[in-house]
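What follows are several structures.
Two complexes, one shared chain (chain A), two partners (chain B, chain C).
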Partner chain A sequence: MTIAIAPSTRSVPLAWRNLLSNKRRLARAVAGIGFAVLLMLVQLGFKQGFFDASLGVVRQLDGAIIVMHATKYRFGSEDPFPRADLAKAPNVAGVASVTPLYASWLHFFWKSPADGKSYLVQVFAFDPDDPPFLLPAVRADSARLKAPDAVIVDRLARPFLGMASGARATELNGHPVQIVGSFALGPDFMSDGTVMMSAASYARLLTDNRASAASLPIEFGVIKLRPGSDVGAVERGLRAALPAGVRILSKRQLEEFETDFQANLSSAGPIFWMGALVGFIVGMLISYQVIYTDLADQLPQYATLKGMGYNTFYLLRVVFAQAALSAAAAYVPAWLLCLVVYRVIGDVALLPLHMTAMQTLISFALTLGMCLLSAAFAIRRVVALDPAEVF
Partner chain B sequence: MADAGARDLCERLAPGQPLARAEGVSFFYGEGESRFQVLFDIGLEIPPGQLVVMTGPSGSGKTTLLTLIGALRSLQEGRVEVLGHDLAGLDPAGLVRVRREIGFIFQMHNLFEALSAYENVKMALQLAGRRTAADMRARGVAMLDRLGLGARIDQKPRALSGGQRQRVAIARALANRPKLILADEPTAALDPDSTRNVVHLFKELTVEEGTAILMVTHDHRIIELADRLLHMVDGRIVSDIILNDALRICEFLKDVDAFKALTPNELTHVAERMKKRHYMTDEIVIREGETGHELFLISEGEVKVERGGREVARLGSGEFFGESALLSGNPRNATVVAMHPLEAYVLGEEDFHAAIAASVSFREQLRRVYFLRH
Partner chain C sequence: MPFEVACRVLAHQKGRTALAIGGVFVAILLIFIELGFFLAVPQGGMLIYDHMRFDLLLVSKDYVFMAQSWQFPQRALAVALKVPGVAQATPVYLGDAKWQGAAGGPRIDISIIGFDPGSRAFAAAGIESRSAVLARADTILVDGSTRPIFGPLTVGRKITLDGRPMTIGGRYRLGTGFLGLGVALVDPENFFRIFPRRPSGQVNFGLVTLRPGADPDKVAAALRAVLPTDTQVLTRAGLTRQEVAYWTTKTGTGIIFGSGLVVAFIVGIMILYQTLATQVARQLPQFAMLKAIGYRNRALNAIVLAEAVLIMLLAFLPALGAAFALYIVIRRETLLPATLSPAELGAVFATGLAMAAASALFSLGRLRRAHPADIF
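And then the complex of A and B:
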């Protein structure tokens, strides 16, 4: 079946004319279906944004292979392992460097320069000479972390933490700290803000100077490979060399591990999936209603076609073309508007929303499908009945 | 107007060839308790070239009958043949083909609001297939022009008056020169000038192309030009009158033995030359001994034939007299007196001889009758 998108010179482009002739009907279709598209895209965006946010830190890790405790069930669950477990890693063939990364989600209270209250924050600590993050600001400022109690903060953290306030000093766990720089990471659904420091500062702030960094358990071992090494082979080498109590994942596997937790184990994942699903259903119902009303208005016209001697195939072709054109006419502006909405939501909720090809494809396919289905329902009467009964 | 180009008038009555035929058609609306009969055992034949007007009060079933013949509604009881197709025996694809051959002018115009006047007509033209864009344009524009819409070709229905829209609908129905046109109140919204224009177009199609037109209308300007008038009341055809004199004579002649052998063409020729004449009771139609110049065909009434003051025969409807003097050249050999008010069709001497010269069979028929009477 060919759908005439542009007017042809041979036969009358009825669907095209129908679409454009009645401006009010067109406006109604574009507004109605467009709203449905927006609803779908925003819900899809939320879902996508949620998963993106949960992977934000993982993606910034500067290593091809990550080592963590075997019982750890998600990136942000605090489940450290002894630093000594990494001792044999540097000797494994293909390994270029092994960087211990300390992390804490449950033990650091940040006094907000904004309101003076204390809030739990996500903390990462590492050797300032060897920062295991890709974030450019972290790499640039890490030397400054060598100063005692110096920290760098996430300037995209939620505003109540005051991390973007320009304050130079505040307190962590009651100890004064110097804010010596900032980076751009953004919050996720678990932590509102992130603080990074040297391993030495970490040990001091966490144990009140009772333990050295070297004696504290670490959360991750971030491993870089020599150029040209095979990730799989190095993984196998590490598995053989390291104790059984650690899990060895490539960065990609870690992302999947985290996504799997969010999608299937956390409560947030299903909520966002549900939101997207409801968005689809509501969006489809709106599309259905709009197209159905649109065509119901024109039923006598279609009955006339039949009365003149047009066959059912032609009838369906025109109706489907009209529905598809309506869907396309509504989709394009809604898609563009959605980019703006993503931007606004991103700024307000600090949730990074991105339009992806997949979201575009899914939402367009659903819109188109629904419009075609509605058209089929609306035209059913004309196809089934004698023309004279519809006039 | 009866003879305005009525070349093959009698062909319109040629049996076995109607363009539309209904037989025992009944129709019901609704189901069960609310079932309501709108058509009762309708029988109707519409031969080529007839402009048939159907009148009747609203709700008498006119539109229903029209849509049944137009294959726009499924038959319930009875039989409808259109353009040689038995509608009951057609599958949906067959019905689609029949609809393409019929020009249906809908009561509500049913124009495509999104299309220009020309495109509306083109919707019909492109159905006929294998036409170039230029050909379609030429035909469509010519038809719209003919209906006085030449300046409105590219306007949409919204920009047109009710009458103009109606004319676009007419142009669309006529664009493919269908052999059968079904029209539901086609001139309801037209001003007198447009109506005259449209009616003359219809008339032209019936006369020149043998198109049959069945039209629901109450417009007297159309009824005046109609060949035939059907009147429907409560779902029945209560009268079916042939308005066209020549047509009526044809109808009459084809049942008269002497004329049966004539071809429709010859019959038309005779019918067109016959004059209707009325006589009162006891009036003498021809007198024994006078010179005879005319042939008489009794349409209604009865005459007695007297020879030498003695009644020798009585003749009734469908019988003719006066042929003897014309064939022999002798004076009238009998007196003919009307017994009741008499209506006769009269054929002059010249036309009589012309008819005889034209038709061997007619001449032989007359001779046979002539010898039988002598």
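And then the complex of A and C:
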């Protein structure tokens, strides 16, 4: 009997029809589960955005290998080394060019055209003929940096710095400077804005400095390779040629170096993972409510099916399939809404919030997990169902 | 009447009620957590000020936040001392140095606070009892919450600050706030040994204490009248306003947790609404029966509202307990000073009530449509 009937209705998408049978209930379920999904996605996005923000500049460095002081513990800490340490680098096989990069995070105060107050900014300085950044606007505008005291600024800097205000002039460390262009980088959790200039202007604007740019220590050596050369081999060559006081990292290693620092010292990772976990629990509670109510409503129907001879396994499959379908139905609108939320919060908080394949995958797996898990909790009713009791 | 009925409905199916309370518990807990983070950020900015003795704070007109405080001429303190009501005006210096172990290793940024131990600038036991230690040449007190990357903070360890050999003379525990990864205290003499190029007539903070009975606002006004425009005078309240405004509106951190708070509120309403809508749906025949025997919609609404409030109340206390337990974890893991004042606690409670009312309102639609004839 069981065998005779079950295959004939296998083609009926029962879970699908259950889901669509009551549109109001579907809307409520989608809204409830969707909000939990949104909560998880936003938290995952924050975590990613935090790390992306701290890697923003590193990723824009135009070089395969970066040289820095061996005692540096993070990208954004001032710890320069003598320029002479790079002297032998151009002779290493495979090296195409070596560009010195000056940087400061503690010594440049930018007078905001927005409110007239002075704020600490991140500063990079280099030879305008050879900008060590990939940012197209920096490459396009760098020739203009040859004029004395000319600077280009980050138009995505925090608004109170007034870098996007269109002002043409302001002061840096009390000296007048001309703003000759802008690029799009964005702040991170350490610096609110970035200013770039020529090495000559840097030496002039640095407070209490009388040394020329050529004799000032540098923060990074940005090294480009000849086409076809092997990064590992050039790294080894550089290690042999340069003094022991410098650290030689490929760009990828520098990104890892910075990510490790952020992961070990900042609490962003655990904070946002905790947020995602809360989203998961909230989602489980909501989806349990939804599934439980649904089961309660459909109990007579399930009992009828059972009475007709369908086995418990078939009913379980229907319930789980419906849970998975509600997960998917809630996930899609939540994912779309999240794009908007990322856009809005990203613009307000100036945080690089982007939907990545990884975030999509993790959050969908969590959504599916929470719906199936709560289905498993709610399903006991169906298993214990006795057709005779229902009617 | 409504409360009695609501109580009976909730007591009738204890499992369902427990589930509903669980959901609301999570929603309220979420609000507590996000609020904790949101408030911890400005509290982190205030952390060190909270442990300094002053009634009025003198800072540069360019002051942004503690770590970007700028400097002002020290002679302002002498001027301040002459103002009636001022008891003491203490200079405090702040500088960034590079910390390195004696055997080399990374050179890590650390904030150095210079102050005269005799001035009793810090209200913290581990600092006040160590005036003699601070007076020793090339000796520092280091905050115990300075990060592990600095190595062991054992007393007697030799380290260098900006290349100058120093000795750890003791540890205190205050927290580093937003001064960075580590903080150390020195007396002014040692401070200028670490930073020899720094002009000596410039200070970062002036801690002004008042004579008993003096009114801070009046003395602040008197100070503003005599001090040059490069120096600003902040009362405790003014400083708090300034820091809260900076951390919640100008930094990414405040905005992130602020948006988290909004999301938590919406999620809370969603959960409560789900729960109530389910309850209403389940009790629909009974509600219809009440309607049939003459109860008005208003009475039924009151029952649902009472249910919502009861669920919220039952969920609130355990959520509060769990939140305080979580705050302890947050304080330990993130070194942010997560705490909650009675006013903030009251605000969460009021928010919970608002959530309950809002979700009850949403789920009433179904009730209104409950038609006695349709049910049976």
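In the analysis below, the second predicted complex is superposed on the first by the 327 of 391 C-alpha atoms of A that agree within 3 Å, B and C clash if a C-alpha of one lies under 4 Å from a C-alpha of the other, contacts with A are read in each partner's own complex, and residues count from 1 in each chain.
The rule is short, and it goes like this: a residue touches a chain if its C-beta (ideal position, glycine included) is under 8 Å from a C-beta of that chain, and two chains touch if they have at least 3 such contacts.
Predicted model only: the values in this text are computed from it and were never measured.
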{"item": "Contacts of A:351 with chain B and chain C, given as first, second, both or neither", "value": "second"}
{"item": "Contact breadth on chain A, by residue count: chain C or chain B", "value": "C"}
{"item": "First, second, both or neither for A:365, with chain B first and chain C second", "value": "neither"}
{"item": "Which superposed partner A:120 touches (first chain B, second chain C, both, neither)", "value": "second"}
{"item": "First (chain B), second (chain C), both or neither touched by A:290", "value": "second"}
{"item": "Which of chain B and chain C A:140 touches, first, second, both or neither", "value": "neither"}
{"item": "Touched partner set for A:31, first chain B, second chain C, both or neither", "value": "second"}
{"item": "Residues of chain A that lie at the interface with chain B and also at the interface with chain C", "value": "none"}
{"item": "Residues of chain C touching chain A in the complex", "value": "19, 22-23, 26-27, 29-30, 33, 37, 62, 64, 68, 70, 96, 98, 100, 104-109, 147, 149, 181, 197, 250, 252-253, 255-256, 259-260, 263, 266-267, 270-271, 274-275, 277-278, 281-282, 333-336"}
{"item": "Residue ranges of chain B touching chain A (in the complex, touch as defined)", "value": "67, 70, 72-74, 92-93, 96-102, 104, 106-108, 110, 112-115, 119, 122-124, 126-127, 133, 156, 172"}
{"item": "Contact footprint of chain C on chain A as seen in their complex", "value": "28, 31-32, 35-36, 38-39, 42-43, 46, 53, 69, 71-73, 77-79, 106, 117-120, 158, 160, 187, 189, 192, 208, 264-265, 267, 270-271, 274-275, 278, 281-282, 285-286, 288-290, 292-293, 296-297, 345, 348-351"}
{"item": "Interface residues, chain A side, partner chain B - complex", "value": "9-12, 14, 17-18, 20-22, 300-301, 303-312, 386-389, 391"}
